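Each chain gets a letter, A, B, C and D, in the order it is written, and its residues are counted from 1.
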């Protein structure tokens, strides 16, 4: 059987290929000389599978797509407070190269505009690094996201530096506000090296998948940044990633995204997939024309919108019945599926609404596919309360969905693999309590 | 056993209760005379359970919290195009009562600022309604979201109308641009009636839960608006709901939300829960001080951030083995949990990577808790391709997770309840194909 | 002999007449139906002569040209402080109908934009007037500037009121800030009546000449407003009168000016002339196309720019010589021309540089054509000091250029008509001192 | 006799001396270390007299006061068009160091903000100069305005360059728009040298007097720039010189002015006087606190406001009578004072209203103190028309107020020194005509 996703991607590329709208970025000769016909798209899933179609291995410069990743590195290296003190998180409603800073403080509005990204570059890596060491740390960090060693396109880098007047203007202004504390020229030089890193569409998809996968590169298994950093980065991409078209993108596509002037475009769908496209012709906002079309199509075809409410799942509580009778009677609640807050609330409610009269109570997690943190804590609290109400409580958890359960003060729980195990043993006595 | 969620809410209220910061809205006597000590919080789950603590049944005026709901009604009544033609979806980065319209066209930037909300009110209901009929439709619509008949506070309404100069200014300006096409005074009058609808914290939580539940009121079962409308409304709430603090809210709380000047605050977590709080003292942005604190706590305690990547779920593919041998041999793929794009991709890949040599192939959905649309389509395409490759394909689906499966041209599938059913029957013959 | 100025005006009109650029104001039918071919220009001198060419007696509505005059009336009726508290004097750099107010206070930036002019209308006349009484006072005031009873075009007025949404928006917003304190609708109604006053080009030129003539209507001799008010009004016209083209106008034309949407345009050159033109087609700024051309020509041909430095005048000190000898010797300083600060400084210096040894000193003003206030005070101070130095001082002033001279404490001066009078009389004795 | 003006200045300084408000500019050590008690004021008249009080010979850096003078040099060196193409003339309503440029083009709004002044520096001197040569030309030009060789404070210059991030930001941005065409760093370096020129209050007053005197240094007699350039510079100073306080200054002081961050402040009153003050403490707008007070006092005491309408002068026509009778009869019009447009109009009108029946007509200019260009042209046209009407026309002009009069085609005029000369000669015959 031929795989479905590559076929889907091939079809999608064929649909957008005839669209010749947009213009190549023309501010440096290297970008102006790009092959405008290049077209590629890649999906990288959170379990590490990569599907692509088109020009997936052609290299191009990462440009602004480096911004969210270096933001992640800075948050990771320095912590949230010092980074947020220097760069805000508010959408600016302005084009990418606007000198858009807060009145009075000079704080750039967000890390996705150049002013913010230049500042973020300056706080990547540990404090006290030299500019060169900082660039090394940034390139190693981007490489960790991509899962391979990335390099800089020195020709593009030199060319960008020659026409970097806008970025130098921004950096000198940030220096005048004390947002930058070093030589503005050195910071811009480092930032331009960051933007000149060479990637393929495949690299970008893996990088995006690393965000979608809570910061763990699904190919290498490396935890590049932690989940709290990823949440911050995705939030900022969602509100500020597409510049002045942020609202249109948020409603129509609804995938946290970032574009680059060389034609790259990435999106990260939390828990599912990293997506990357490549097509060099840009629209008036500076976003890849065919890339935007592809994402609109992906969103529409696949329901990959973060505000798409998933369809009502199968009832969390699969069954609620009593085994045995008398002192050996056991109330068994069999639950299923992915348990998040609402599911946990439903389970807890079952115990409250129909307070078990049976001395023994079992919660059967055999058919549960996932439990998130809040749900786990709620279920353990229910266990604790049931214990305090005088019940012996069992967790049927053959695959350790809740490893090492600790129901807290006064709570006790016995973990078993099958309901039958509990049925066959005598009622628990306090000295056996876990 | 006492329920956990109300206890949690009670604790949370106790924590924020001492916070006396902020000021009552003072622009009309009725709001200035509100009891500043009021405090309440309610969770309403998508399966209709409502948990509250504090002043959950005190009535107050809905004010700006009406904005996302009437936006939903307008999108539903008129369709997307005419509403989007009049009101944009871009964050404005400005305070709620700014006269924030696009240069040239006069189109309000989004439906959450007053200019947008007044315009949205004017396109609620079918075309051709009188102002009074439109107000009726709006109040009936809000009532459907709340699941009970809501009424207007006539005293507040009259008082608001007396000090409605800012809104009248906005409306006359919209009229001058042709965005409003009726008497501006009548539209403002209707909009003020909309804002003067009396609700309780409980009502607001149910209204929010209706959004979280794809537009279906989880108490009454009524489909108030459809899922596409809900997606649009939640997207706009996420980027524009908290005015000029949109970025802070998006990163720190991450729940699509909306506040009202009477002290209400709602959040809707797609697929899980509607949340409402009530506390009348407001911060400088016009948001309830203790309400914002409560939401920050909920987000932090419960991981209810839309960009929170769920923890890696149990592997989708539970087992992949062969029953029997020879011409009767059947390859059985047992899958589990909630299947979305990434899970479906994994399943499809299993078939591609290890192309079944067995003539018969079964996909066992018994332990699956949910399947979304894209996953369903991918699985059916896999069925079709397997058929074309010469396999007999079975779907083990005792609870109809995929009702009436149609694998498309050339595809065939037999639905069974247990793997054993297939094992015991002879290999399918073409004339039996479904 | 035929007069020169009318011939000049006739030539100037002939030059601009073929210019068909620009559009009629189209927002109400009455303006859209104006005859676009109308063309007129009038000069009114500060001594009351009126020269015109073209359509000088056709009536049209005064529109925004009423703004500086009603500003003058408000300053005159209420004093500077209350008016400046409500309306600023800073250029806005924006189009006339922008809702351009100061952040926070809502104070309109200047009286030439609509927000400012509506506010100014509301403070014209004494406090406590009804809206109708205020309109009466405004129309009487405009009539005093024009020197004849002006009336309102009721058709235009009614039509403007129907499409007054932008002005109503502005007025409601001003009311919301407390800048307006009355019913916004009534104020806008009054303002629109003010703008609907019918004038001819001849009227406008006389109105402008009243400003150029220190507030005295040069035809009727009425002091309509005082000189301090005129100075304020001309200053504001100079910086804010031509909306967003203020800087271009200030450099290229340099005459304080104001335009109206019906095609009128006025300029006031202090101390010299009031100019008005009429041609209904407007440019993108809302200024009369041919009117602007005419003013540019007037400025270029006639050097009527307020920053045009007048050519060096004939030396102020015509002669300095001594008549007679011994105790009867008299030093006579004969001065000439218009004496302002610089001239007075020169005269005073003559006395200082060459401290008169003669007991008698005469200042001969016979050939002086004007003395301004500061020059008069400086000359009298010189008289006082000469007296204190022991001189007898005479003022030869046959035409009372300095009436009732009072040189202050210790000063004495004898006014004579001819130097010979002093020469023939004995030296003054203290008891004869004036 | 003691001179009046120095006494006046001494009194004025004494009044403002106790005012300790404001802060020294603190961005470089040299300015922060200035003596805050310094206070001086100087008047320089257009005939070259300089009066001062206080610290008139202390040197300090010229800073932004260089802006109007280098603007004058650039206009003079390159012509208006290329300079206006790069820098506008509109007030910005913003602080001096805002990066205030036109959207799209990047053209600075005016030459008084830093962006404009940096650009102006880059176009001072002939095209093709090296940066060093340009600085030389600028310093020589400023020296010509001051009438002595000025030098640069190298310590301040070096210090400014170290903290020039804001200006470098501006320059790089201007380079990115192509407004600057050279290395931004070199241009900023030159601009900073320009700002570091050392001046005294006395120098500044002479520089201002050069503007007030049509571009001729009243001390040296050198024509530094021409009158058209001066008009442009004064216009821009009037609307943009005092940054965001432009409107307040224009109404309250009304003298074209410019301030510098080292504490200098200049004003130029066309045709009369250049004024300079020095006091280093600055207000929030960056203007000298005591300097602004002094100018307000000068304006109020002395009526030195450009919109101050001069008081009505003595009638221009002093007498109109007939000498002799019969064919020898001569109509003599004796005029007086300064003749500008309005006076010339009055004279011409006298001839039109009472068309002379006498064959001979004389215009007696003996008592005229000045005639401006338009008046001269009008009087000659009147002469021409009188000739065409058949009159013999005489100009009684003993001091050549109208040198070499040329009345144009068909006109003839005989210049005499006294009316009696004409009376005694026979009527002119055509062959004698001039």
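Here is the rule we go by: contacts are C-beta pairs under 8 Å (C-beta built on N, C-alpha and C of every residue); 3 or more make two chains touch, one makes a residue touch a chain.
Values in this document were obtained by computation on a predicted structure and should not be read as measured data.
**Q** How short can a path of touching chains from chain B to chain D be, counted in steps?
**A** Minimum number of steps from chain B to chain D: 2.
**Q** Spell out the chains that contact chain A while also contacting chain B.
**A** The shared contacts of chain A and chain B amount to nothing, since no chain touches both.
**Q** If you tally contacting C-beta pairs, which comes out ahead, B-C or C-D? Let me know.
**A** C-D
**Q** Starting from the mean Cα coordinates of chain A and chain C, work out the distance between those two points in Å.
**A** Each chain reduced to its C-alpha mean, chain A and chain C end up 68 Å apart.
**Q** From the C-alpha centre of chain B to that of chain C, how far is it in Å?
**A** 65
**Q** Give, as an integer number of Å, the spacing between the C-alpha centres of chain D and chain C.
**A** The mean C-alpha positions of chain C and chain D differ by 21 Å.
**Q** Would you pick out the residues of chain A that each touch at least 2 other chains?
**A** In chain A, no residue touches two or more other chains.
**Q** If you go through all the chains, which pairs of them touch?
**A** A-B, A-D, B-C, C-D
**Q** Contact residues on chain A for chain B in the complex?
**A** My answer: residues 1-5, 43, 45-47, 49, 51, 88-93, 110, 212-214, 227, 230-232, 234-236, 238-240, 244, 246-248, 250-251, 254, 256, 269-273, 301-314, 316, 336-338, 340-342, 345-346, 348-349, 351-352, 355, 367-370, 372-374, 378, 381-382, 385-386, 389, 399, 401.
**Q** Please output the residues of chain C touching chain B within their complex, sorted ascending.
**A** The touching residues are 99, 163, 165-166, 168-173, 175-176, 184.
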